[in-house]
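Note that chain A is present in both complexes that follow, paired respectively with chain B and with chain C.
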Partner chain A sequence: MGTANVAVKSRAAPLQWRWPLVWASLLALCVLGMPHLEALFRLFEPDARQVVYTRASFATLLWRHLSVVAVAALAGIVFGVLAGIAVTRKRGRDFMPLVAQLASLGQTFPPVAVLALAVPAIGFGTWPIIMALLLYGLLPIVRNTLSGLLGVDAEVKTAARAMGMTPWQVLISVELPLAMPIILAGVRTSVTINIATAALGATVGASNLGDPIIAGIINNNTAYIVQGAVVIALLALTVDSLFDMLQQRLKTSRSAA
Partner chain B sequence: MIELIDVEKRFGGVAAVEGISLRVPSGKVCALVGTSGCGKSTTLRMINRLIAHDGGEIRLDGQPIDSVDPVQLRRRIGYVIQHTGLFPHWRVARNIALVPRLLRWPKERIEARVAELMALLGLSFDELAHKYPHELSGGQAQRVGVARALAGDPDILLMDEPFGALDPLTREKLQEEVARLQSSLHKTIVFVTHDMDEALRLADHLVIMRAGRIVQQGSPLALLRAPEDPFVESLLGGLERGLKQAALMRVRDHMGSLGPSLPSASRISIDASLRQGLSIMLRDHAERLTVVDGKDVPVGELSLRRLIKETQWEQPTSP
Partner chain C sequence: MTAISKEERTARQGSDKCFVPNIVLITLSLGLLMLLWSVDSVSIAPNRIVPGSGFMLWQALGLPGALLVSVLIAALAALALTPQKRFYSAQLIIIALLLLLMPFGLMVAGALLIEPDMPQARLGVSGGFWCLLFVMLLALVEVRLRLKLSRLWPALLLCFVAAVWWLCALSWLDHVALVQEFKARDAQFMRALQQHLVLVGVSVSLSVVLGLALALAMRRFSRLNRLGFALLNFVQTIPSLALFGLLLAPLAWLASQVPLLARLGVSGIGMAPALIALVAYSLLPMVRNTYTALDEVDEATLEAATAMGMRSAQRFWQVRLPLALPVLIEGVRITAVQAIGLATVAALIGAGGLGTFIFQGLGQAAMDMVLLGALPILVLALLVDASLGALAERLRPEGMQ
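Showing the complex of A and B:
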């Protein structure tokens, strides 16, 4: 190694795919193999006419569930991170308490209540549930973006400015990368909560993995409820382990300082 | 050349520094010394516009700094921060390469520059270039901090307690290295320190501050010879002032020719300081020392009696 490899590539540790793969395989098995598990679910409801939910395939339900959570999460990241950035700039500082309070308000407001208010306003379907999830998931993202950005060593930020970085460069190359592990932890919390909460969508006509659960409650069919719950749990575990993998990678590829 | 003319800074109505006027000619080293909170860092940070000054004028090579875009200005001025301020998520090589990258140097030139600076500061490239700052010792981190400040080849270097957090030995070593670097690079340097010995050792021009104002400034020897008030005198070492002064004077300039009397058995190098000479006299109970050159050949004599009689000790040099 004779010359300076200045554009040092991150020699990041390889991603630890083990747990995400385990959970994803279980999820896939469950989703695709549900019709073959009839005998098992018969144990829950020996007398029911039908024991496996079939109004829509679990693959379709999973896809819809995931899309709703993903759209809400993306919107949450965009709004949450932008708001966090805005109020940590000099000009936005005055708004910091306001934004922090609004975000907590979003979380104290129950998603069911959001649905109840949103449906009359924008009708049944996917949008009310996306709105409810967005509001519900915003707090962890905003809160962690704030604490991540505020936690960046003042000395490091001063050095960045002193070396002649523009405010934009300081944000992109210094503040965000250093805050990233904490922001990511916030996104993880938000998404994991929302995978469970999204099931509520079934009550307002947004068909997703909540459907079997609601149908089970209405028809008094425990097997349906178990199917919906298990698939949602496996989905949550898969996504959570993916986040865990990303966080581990961030941790090993940069300083702990 | 750096010029501050009657510069002032207020934080919320309270003056942090006031009436600061000083001039650092190109290639010279200026030290700001004073008690904690007296406005040293503030003064330093106004020079690269990290802090905007509220009154007076600051000029670099005659040009008022307000007329230059701050981002461009800072890329021309090296800055070594208290506690290093290295980017924890970047490796050493990338930290050092920061300013050249901002200046959009070609890649090969940046790589060569990083390797050159690491060699200059005694940092092993193979061992350290790919480490993260938290994997460095305090001394290594400080060196990286200095290398980063020098990377863009600025004419001006500002250093805020560059060796503050180091043990005395490492500190002395780095001071020597900075002195050595300066003798070949000839940067215009302003540095802040709590350590008077460091200031005396490195500075051409010494500025003593108290409560946001300059109390006295001048060459280290001039200040040692004639401190203007008790505060300056106590900073300069009080009763030890004489020894600090002797540390700045060289045997070469104060020796006499070899006399007819028997040469003393105690020897001292012609490049040593008078302080070292006095120390040897005390140790060896000798009133006279034989001065030798690099090849150990006697070239003169250092006499305690003569040193004491020399007028230069007490009187300030006339300007």
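Showing the complex of A and C:
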């Protein structure tokens, strides 16, 4: 029963910074050093006039890519977790089957199709891709929030109520901390998928790391495609290892308690 | 999770002998009513290029038509006040009726709003109409869950509705922009649909076979396990767009070096790179599900099979595989739905398919053409999802449900 409180108060275990640092420094090297790698990319395209994508700096593209994914992820966390909390309360119980179905429906809609449908509705640019990513990433978050909150032992909740906690306090200091590892795992899946999917935004005029890839496909320049792909893959690995670190920390503080 | 609420519900029903109102359906229908009376339902554009002007429900259908729709939706809410089984069946009929009436509503709107001296005019479908469609689908899901129907029945109902829409579209809905767009390139559409289905079908069946083989190999040789999953996970981090692009150059080179391959149709652009990329992407969900499916089979059952004198091949084909089948089909469902979406992107490297319309439409800023590509993809994904989901449900042996 005491796990929740202890988990919150216990000394934080040291963070495992090794892998995030490795991937992040590789990413930084790649992004900043891309212009100096011309000799390497010459191997891919010996005849091309230009082998390093220069229409925008990779740092700018990375920043735009990251901000699109971050906005979609934040909105997804807010909507997903709130929806999960709402339907596990007594009043919202009736909505649970529908919300669960809706979230799995969101995963069925291919992101390209959502993107294509969003463009007529809200125009070209960054917003359609944010909407598509939000819709696509919502399922893992909602699903994990639901299973995390439903997995909290009913006896634990009863005991917390018996200690005089209000339902709000039970939610904030018992249910959410206990469900946190599962919710975090959902956010991790959602964000990792969306980093790769965000590249599609380049097809509707949202400039991001998908740009070099599209330019490469159009101009038949493999070097551009490789540059876009490598940076996106490194970004995905960096973010994924950061999530891994957070999860490890949650796990160790839990087992220490 | 539904079990708890159901128990609660029956307990409450038993205690005070009345039915708890279904707030879900009430919220949905009241929300829909509000939207229908405040958002444009259709738009009229004088030709393909000029953006249209919007019209509300009561302008599009006339006041009697708008009132009929509103009464039907209000009835949906009223029936949800005291939900009983027969009321849910009545709601199912109302939902089906509303879905079937939609194309006729468009016909009425066309007749009312388009003047005869505007032969080029196009009737666009706008927000209110899509909201009606979407909320009806949600209500259908809710009623299905309450009536505890299999997923198959709503899917069949929707197929029937789609057939009626199709007939209406072919014979009477000439003014609707989407229909005009289709009629202008129906042969092209059919070819694109066929290409899309071939891409998805071939890549999913290849990845089922390969996935099963890989999963079996991983179970046999545990060292392969880590390596295999690491490799497949790595492929998933490459964005789909890039994977398609990355295969262009190597395949073009291969085709130029090996004439036999070129004669078989392998080239830098087109089907070959698309299929390779699709299979590479499909393998991870396929292998992961197959692996867990085979792994989750109860050890005791397998021991019982051994004790009955089954040889290991028999045990695999007659016990392990049938028991693993529902989870395995679940993997096929995920893979197929994902492949339908990814095959769209393949249009960018000249593999054809429905994505062609999306990207051409985006390029020309012709939104009806984008819809012509995107809507069939959505329908296809939903259909495959529903039918394979129903199949997995059906295959689940008694006692495991």
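Rule of thumb we're sticking to: the second predicted complex is superposed on the first by the 245 of 257 C-alpha atoms of A that agree within 3 Å, B and C clash if a C-alpha of one lies under 4 Å from a C-alpha of the other, contacts with A are read in each partner's own complex, and residues count from 1 in each chain.
As a working rule, contacts are C-beta pairs under 8 Å (C-beta built on N, C-alpha and C of every residue); 3 or more make two chains touch, one makes a residue touch a chain.
The shown structure was predicted, so the numbers you read here are calculated from the model rather than taken from an experiment.
When the shared chain is aligned, chain B comes close enough to touch A:V156, but chain C does not. In the superposition on chain A, A:A28 contacts neither chain B nor chain C. Looking at the shared chain after the overlay, A:I85 reaches neither chain B nor chain C. Measured by the number of chain A residues touched, the leading partner among chain B and chain C is C. Once chain A of one complex is fitted onto chain A of the other, the partner contacts of A:G228 are limited to chain C, with no touch recorded for chain B.
Shared-chain residue A:M165: touches chain B; no touch with chain C. In the complex of the two chains, the chain A residues touching chain C come out as 44, 93-98, 100-102, 105, 107-113, 116-117, 119-121, 146, 150, 192, 196-197, 199-200, 202-204, 210, 213-214, 216-217, 220, 222, 225-226, 228-229, 232-233, 236-237, 240. Interface of chain C with chain A (complex): residues 1-2, 5, 8, 22-24, 127, 138, 141-142, 145, 234, 236-246, 248-249, 337-338, 340-342, 344-345, 348-349, 355, 358-359, 361-362, 367, 370-371, 373-374, 377-378, 381-382, 385.
Listing the residues of chain B that touch chain A in their complex gives 48, 50, 71-76, 79, 81-89, 91, 93-94, 97-99, 101-102, 107, 110-115, 118, 125-126, 129-130, 132-135, 148. Taken in their complex, chain A has these residues touching chain B: 1, 3-8, 11, 153, 155-156, 158-166, 169, 174, 177-178, 254-257.
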